[in-house]
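Pasting a structure below so you can have a look.
The letters A, B and C name the chains in turn, as written, and every chain counts its residues from 1.
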Amino acid sequence: MDSQELTEEYKRHIVEALIIANDVPISEAKIASLIEDMTPAQAKKAVDELNAEYSDSQRAFFIARVAGGFQINTRRDMAPWVKKMFKGRMRGRLSQAGLESLAIITFQQPISRVEVDAIRGVNSGGVVKTLLERNLITIAGRSSGPGKPLLYGTTKEFLRYLGVDDIKSLPKPKEIEEIMGKLTTGDGVGENIIEALAGLEDDGVDNSSEATAAVDGVAAPEEKAQAQTHPESDNGQTE
Amino acid sequence: MDSQELTEEYKRHIVEALIIANDVPISEAKIASLIEDMTPAQAKKAVDELNAEYSDSQRAFFIARVAGGFQINTRRDMAPWVKKMFKGRMRGRLSQAGLESLAIITFQQPISRVEVDAIRGVNSGGVVKTLLERNLITIAGRSSGPGKPLLYGTTKEFLRYLGVDDIKSLPKPKEIEEIMGKLTTGDGVGENIIEALAGLEDDGVDNSSEATAAVDGVAAPEEKAQAQTHPESDNGQTE
Amino acid sequence: MSYRIHLQNFDGPLDLLLFLIRKNEVDVYDIPVATITQQYMEYLGVIEMLDLDNASEYILMAATLIRVKAALLLPKPELDDDDDADDPRHELVQRLLEYQRFKEVADGLEEIETESRHFFRSLNYKFEDDESEEEDGVEQSEVGMYELMAVFVDVIKRVPPVTEHMVERIPVTIEDQTKVVLEFLENNKQVLFRDLLLTQVNEKIILIVTFIAILELMKSRKVTLNQNKPFAEIWIRKN
């Protein structure tokens, strides 16, 4: 890129930029491989010099050596404020199960847990609890159907986070299909979301009386417990 | 957290730590809310002072104002090495179709896909999907017009992608009159269009006067025509 | 052969039309009338050959061009010449100008995009909190509307396909499934409730009926379900 020789000083700038911009810790070997005429030892030396500069000029951060290489850390005494900043954010990755249940609840709300289970093919009890705790979903009422199961929907905060004002503005299954492209199931049979969901509904209806009544016996205590645990989850955690 | 008063200098350290630690641009209001006895104006001032320090000590980065907040960016002249580091991992540039659709969505938002299609004269389904996928646009509600189509709008990530503070910093679409106005200057596409279409009319007959007449006429009914083509655009253009 | 190169650069019929208009303006100031339409048709021929997907949109424009031309050839009623709203060219001119407006903005966005790619934001930061270790630094902001839709589509895709002829019911009874469950438990002393459902079931209706069967078995104390703690895995065991 540069035909001229790079000065030691300029190389140090590059080292700094590389460490700051990378999204993972970067090793001295990697740094050396990216800068003309630089050895890993020199890269390491540059980092030491940078840290000395940071210390002299009282920067609020330093370059830390972690397992994989170098990384920016904030000074220890900055922790209270940094912590405060991260606090209250919806942090932590949702598990795949969490994501799936959240997606189903978002686009099919209001929906009972049993229906979420039916779509996912597995029990979603624990996941639903996590979503409630994180204030992503809330209890949105009770089905008028047999057994009157609790229904879940997304919280206002989550909707706002997704960029829409109300449930009506969320894309409907048909629109999702239009945006994402026609669905094909694993065995190559063309199928669309509407049909898939309609099929589910049919199945559900077929045995609604028996199924729901029976389910009620098991699910009710748990759901009641949830209702007690998170009575204000819809308006409580507005931050 | 601290019962003692924080010095100006120490507050500046905190501001630095918050900006470097955050992974989204952080506004001066947010910074001020996290630090005791600090106003947004003071936060802004601290950022300016930090940038001056960075410049003096030749840091390889600076604090940029992006998408309504502050973030650390590497210096422009560091780009060759950082690019080298990200080689193969950098997101591709937007296609012409993507840029066109973004231009339309940016200035007509919230807007339905059909309206984007109408302006581009071509189906934008695939492009919209890509833009959604890259989180440059998002679903921003639903039109109250016929069919109640989904509406799209740009995201903060869009501003961040372009590295601008807000939409006002983007080039605005010229008024149609302005494009037309290029006629008098003797260059520009407006003229070409008129010429070409006037040409369509004359079919070999010399009638420059007619051509000009046609040009004059175009500007007048234009708003009417627009209103007809985009029935929902009036409630769509919130700004 | 040069067609192919050009074609890739066209983002639709309006784009092609603008290109031809520009091209002809440069070459021949006095545009021979039929030229644009004729050239458009030539391109259209190639487009139809190469790009069947978008061809219809180009054909539509060709039809528009011909319609405009035809309308212009008709003798004009010598009424109010100022009233150009009747001019058949207006709508097309309007559309071209409107498109041109946003095309210019797109060019502007492209310039900004080019510039923004010289700057890299700081990413190499990890907040290390002494007290809590559960933070893995992954922001939930990754769950955008698009990701949710994608997950939703995936889940629905996994739902077993609806039988082609819905009139036919899947012959399954609670009695059948009771037997299936008992047989399964015969071979496995204690199984995960989830595994039992998953291994024995490939249709939603069967899943639901199996579920009811298990509940029936529970009621009649033929099986026992237990759980270490709320929301943990459920084990099922034959009594």
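The criterion applied here is as follows: a contact is a pair of C-beta atoms (placed from the backbone, for glycine too) under 8 Å apart; a residue touches a chain by one contact, two chains touch by 3 or more.
This structure is a prediction, so every number in the text was calculated from the model and none was measured.
Chemist: Could you tell me which chain lies farthest from chain B when each chain's centre is the average position of its Cα atoms?
Modeler: A
Chemist: Counting only C-beta pairs in contact, which chains form the busiest pair?
Modeler: B-C
Chemist: How many Å are there between the centre of chain A and the centre of chain C, using C-alpha atoms for each centre?
Modeler: That gives a centre separation of 21 Å.
Chemist: How big is the gap, in whole Å, between where the Cα atoms of chain A centre and where those of chain B centre?
Modeler: 26
Chemist: What's the distance between the Cα centroids of chain B and chain C, rounded to whole Å?
Modeler: Distance between chain centres: 23 Å.
Chemist: I need the residues of chain B touching at least two other chains; which ones are they?
Modeler: 20-21, 61, 72, 74, 78, 82, 86, 132, 138-139
Chemist: Could you say which residues in chain C touch two or more other chains, in rising order?
Modeler: If we look for residues of chain C contacting two or more partner chains, we find 120-123, 125, 127, 139, 141, 144-145, 149.
Chemist: Which stretch or stretches of chain B touch chain C in the complex?
Modeler: Residues of chain B touching chain C: 20-21, 23-24, 61, 64, 66, 71-74, 76, 78-79, 82, 86, 90, 93-94, 96-97, 99-100, 102-104, 106-107, 119-123, 132-133, 135, 138-139, 160-164, 170-174, 176, 179-180, 189-204, 213-214, 216-218, 220-222, 224-226, 229.
Chemist: What residues of chain A sit close enough to touch chain B in their complex?
Modeler: By the definition above, chain A touches chain B via 1-2, 9, 13-14, 16-18, 20-22, 26, 30, 34-35, 53, 57-61, 72, 74-75, 78, 80-82, 84-86, 162-165, 168-171, 175, 178-181.
Chemist: Please output the residues of chain C touching chain A within their complex, sorted ascending.
Modeler: 120-130, 134-136, 138-145, 147-162, 164, 166, 174, 193-194, 197-198, 201, 204-205, 207-209, 211-212, 215-216, 230-232, 234
Chemist: Please output the residues of chain C touching chain B within their complex, sorted ascending.
Modeler: It is residues 9, 11-15, 18, 20-22, 24-25, 30-37, 54, 57, 61, 65, 68-69, 72-73, 81-85, 87, 89-110, 112-123, 125, 127, 139, 141, 144-146, 149 of chain C that touch chain B.
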